[in-house]
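Each of the next two complexes has subunit A plus one more chain, namely subunit B in the first and subunit C in the second.
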Partner chain A sequence: MILAFAFLAGMTLVSALGVVLSRNVVHSALFMSGSFLGIAGFFVMLNAPALAAFQVLIYVGAVTVVILFGIMFTQRPQVRRYRTIIQRQHWPGFFVAVGIGAFLAYIVAIADWTGTGPGNGPRGVDALGNILLGVNGAPPIFGLLFEVASVLLLVAIVAAIVVSRRKTGEGVDRGVEE
Partner chain B sequence: MSLDILNQEPFRFLLSVGVILFLVLNLAAVFTMAERKVSAYIQLRYGPNRVGPRGLLQPAADVFKLFTKENLSPGRADIWIFLAAPIAMFIPAALVWLVVPFAPNAVVADLNVAIVFFIAVTSIGALGLIMAGYGSRSSFSLLGALRGAAQMISYEVPLILSLLGVIMLSGSLSLVDVVEAQSGGFWHWYFLPQLPMFVVFYISGLAEARRVPFDLPEGESEIVGGFMVEYSGMTWGLIQAAEFASMGLISAITVTLFLGGWQPPFEFLDLGNFNWIWFGLKTALLVFTFQWIRWSVPRLRMDQLMDLGWKVLVPVCLVWLFVTAGLMLLLPSVF
Partner chain C sequence: MPPQAQQLLDALNQTIPLEGYLIVGAIMFAIGAYGALVRRNAVVVFMCIELMINAVNLSLVAFSDYLPDAGGAGAGYAVLVIAVAAAEVAVGLAVVLAVYRSRKTVNVDEVNLMKW
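This part shows the complex of A and B:
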C-alpha cells in the first residue's frame, strides 16, 4: 500500500514539476495529464473509483486534450520555445505560492483527521448521487446547487454558439466549389 | 487444491491480467487476418492463402516481419513523445477489457462504476493520438491528429448520451448488472426498447474506433496515413494492435449493453459455464459488420462528420432519453 502511495505521489509531483519546468508547452500539457492520472490513482486508493473515473474522464480525456488542441491551432508549437517561463513575474508568483502554502497548512492544522482513513467516507455511486441531488436525507440545498451549475453550463454553451456563429448572409465556406 | 490458490486475490488478478493481455494481443492478429479475408471475399478474390492452410498462419508471418523490421523515427521528431504515443494508445485499449464480463463470474474486476470506467479510459485514447501526431513532427501527422482529436471529442458526447437509456433501464453502472437485467430471451435485450440509442452507440463506436467511414485521422488517400505515417516496425504494430483492440472492445461493450452479453437468445439454449460462447459469437458478428461497413461505405468529409455528430446523433439521443424517462414514469409496471 505504502509502495503504491509512494509511486503515485512521485508520479504526481514529478509530473507537476515537469509542467512548470518544461520549456515546451506541449510537454507541459502532457506532464499535466500524468499528474492528473496520479491523482486519479489516489482516488482509487481511497476507495472512490467513481471519482477516479471522473477525474480521468474530465481532466485527462477532455481538459488536456482541449488544451493540446488549442495549442496546436493557435500557434506553431513545434518551433516555439519559452525560455522565460520562470524568470518572468517571480514576485507575484512567490506571493501566490506562499499564500496557498499558508492556507493549506492552516487547513491541515485545523482539520479533524480521526476517522478519515481510506474507505471511511460514503462509498459508491448511489450515495454520491443522493448527495449531489439532495435527496434521501442529504441537504436539499445541494439539489439547487446542482441545477444552478447545469444552468450555468447551458448558458456557457449558448454563449459559445453565439460568439462563434457566422453572421447571416456570409455563407459557409466548406472548401468545395458550389 | 492448486485451483484454490489461483483463486486467492493477488494470483487471481495477475492471472486474469495475463489472460486479458494474451487475448488482446492475439485479437489483433486474428482481426488482421479476418480483415484481409473479409475484404477479399467482398471484393471477389481469395486474400492471403499462401502461408499455412488457407492462409491461416499469415498473422504469424506478419508479426514476425514486424518484429524484425527496423523502428525508424524522423530525425527532427520529438523522440520521447514519438515513442510513448503507441504505448499511450495501446494501454487504454487493453485496460478496458478488465471490466468486460465474458460469462457469469468471468470478469476480472466487477466495478460498480464499470460504464464510467469504460468511458473514462477510452477518452485517454485521444491523447495518444495527439501525441503520435505531434511527436512525428510532420504535417500529415499533425493534420491527422487534429482531425482525430476533434472527431473523438465530438463523438464522445453521443457515445455517453446513448448509454444513459441503458443505465436508466437497468438502474446500475455495473456491466454485470446490465447483462443480468437482460436475461430471458432476446426480446428482453435492450436493443429493442433502446433501438435509436443502439444505432447511435454503434455509429459513435465506429467513430471512436476510427473505422471507415470515420477514418479521417488516417485518411490514406488524402493524408497518406495521418497520425501514423512516420511509424514503422513494431511501433506501427502496436498502434495497429491498439486499433484492433479498441474495435473488439467497442463490439464487446455494444454486445454487453444492448445485445444481452452472455445471455443466450432463447432460454433453452443456456450453456451454463460455456455461455461465453454466446458472448464470443455476438462480438464476432459485430466485428464482421464493422468490416462489412468498411468495404461498403465511403469516407465522410470533415464537415459531414461534425454535422452527423452534433446535428443528428446528439438530438436523437436527447429525444429518446426523454421518451425513455417519460415511459418509465407513465408505465412503471413495464420497466
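This part shows the complex of A and C:
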C-alpha cells in the first residue's frame, strides 16, 4: 500500500509541477494527463474503481484532447523563456499559493481523524448508482443534483457552440462552398 | 523468513491514514492555485484550474471511503464535480477561442478591455 501510495503521490505531484513550470504548452497538457492518471490510481486505492474508470475516460481521454485542440487553435511559435510565460507578480502568487497549502495542511493537522478507516465507500457500481440518484437510503438531494447536472451539460454544449462559432461573413471556411 | 523482513512487509502493507490523501490533495490544490495565478497563457490557466478540481475530487473520494457515517456521499459529489468540470472546460475553451479570434492572443495580461 505504501509503495503504491508513494508512487502515485510522486507521479501526481511531479506532473502537477510540470504543468505549471513547463515552458511548452503541449508538454503542460501531457503532464496534466499524467497527473489525472495518478488521481485515477488513487481512486482505485480508495475502493472506487467506477470513479477511476470515469476519471480515465473523461479527464485523461476527453478533457486532455479538448485542451490539445484548444492549444492547436490558439498557439503560435513563441519565445520559451520563463520571463515570457510567468507574470510579473509571481512572488505574490507564490505566497498566496503557499498560504493556501499551509492553511489546508494546518486544518488537516488539527482535525481529529480517529475512528476513520477505509472501506466505507460505495465499492460497486450499483451502490454508486443508488447514491447518484438519491434512492435506497442515499440523500434524496442527489436526484435533484443529477437533473441539474444534466441540464447544465446541455446548456454548456449549446453555449460552447454559440460562443466559438464563426460568424457568417467573417473569415474564410476553407473547403466549404459559400 | 527472517523477522526483519516480516516487519518490513508488515510496515509496507499497513493502510494509509486519511491524512495522507488529504495532504496530497492540499499540495496539488496549492500547485494548481500557483499556476492559475502566475501563468500568462489562458489555456495553461485552464489546466491549472482542472488540477485544483481534481485535488478537491481526491479529497471528496477519500472522505467518502474513510468516514463511517458519510454513507459514501462523497463519491456522488465527485461524479457531479466531474460533470461540472467537463462543462466548464468546454465553455472556457470556447471563450478562449473567441478571444483569440478577436484579439489574436491568449495572453491573459493583454486581454484588458474591461480593466478599469
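By our rule, the second predicted complex is superposed on the first by the 130 of 178 C-alpha atoms of A that agree within 3 Å, B and C clash if a C-alpha of one lies under 4 Å from a C-alpha of the other, contacts with A are read in each partner's own complex, and residues count from 1 in each chain.
Keep in mind that, in the parts below, a residue touches a chain if its C-beta (ideal position, glycine included) is under 8 Å from a C-beta of that chain, and two chains touch if they have at least 3 such contacts.
All of these numbers come straight from a predicted model, not from anything done at the bench.
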Classify the contacts of A:Met72 with the two partner chains as first (subunit B alone), second (subunit C alone), both, or neither. first
Determine, under the contact definition given at the top, whether A:Pro49 touches first (subunit B), second (subunit C), both, or neither. first
First, second, both or neither for A:Phe142, with subunit B first and subunit C second: second
Once the structures are superposed on A, label A:Gly61 by its partner contacts, choosing first (subunit B), second (subunit C), both or neither. first
If you stack the two complexes on chain A, which partner ends up touching A:Phe36: first (subunit B), second (subunit C), both, or neither? second
I'd like to know which partner A:Leu132 touches here: subunit B for first, subunit C for second, both or neither. second
First (subunit B), second (subunit C), both or neither touched by A:Val14: neither
So, does A:Val26 touch the first partner subunit B, the second partner subunit C, both, or neither? first
Comparison of subunit B and subunit C by subunit A residues contacted: C
Residue overlap on subunit A between the subunit B contact set and the subunit C contact set? 54, 62, 66, 69, 73
Which subunit A residues qualify as touching subunit C in the complex? 1-3, 5, 9, 12-13, 16-17, 19-20, 25, 28-29, 32, 35-36, 39, 42-43, 45-48, 51, 54-55, 58-59, 62-63, 66-67, 69-71, 73-75, 84-87, 89-90, 92-94, 96-98, 100-101, 104-105, 108-109, 113, 115-122, 127-128, 131-132, 137-139, 142, 145-146, 149, 152-153, 155-157, 159-161, 163-164, 166, 171
In the complex, the residues of subunit C that touch subunit A are 11-35, 37-44, 46-48, 50-51, 54, 57-58, 61-62, 64-68, 70-76, 78-80, 82-91, 93-98, 100-101, 106, 109
For a test of understanding, state which residues of subunit A touch subunit B in their complex under the given definition. 26-27, 30, 33, 49-50, 53-54, 56-57, 60-62, 64-66, 68-69, 72-73, 77-78, 124-125, 174
Complex contact set, residues of subunit B against subunit A: 78, 81, 111-113, 116-117, 119-124, 126-127, 130-131, 134, 137, 142, 145-146, 149-150, 152-153, 156, 173, 301, 303
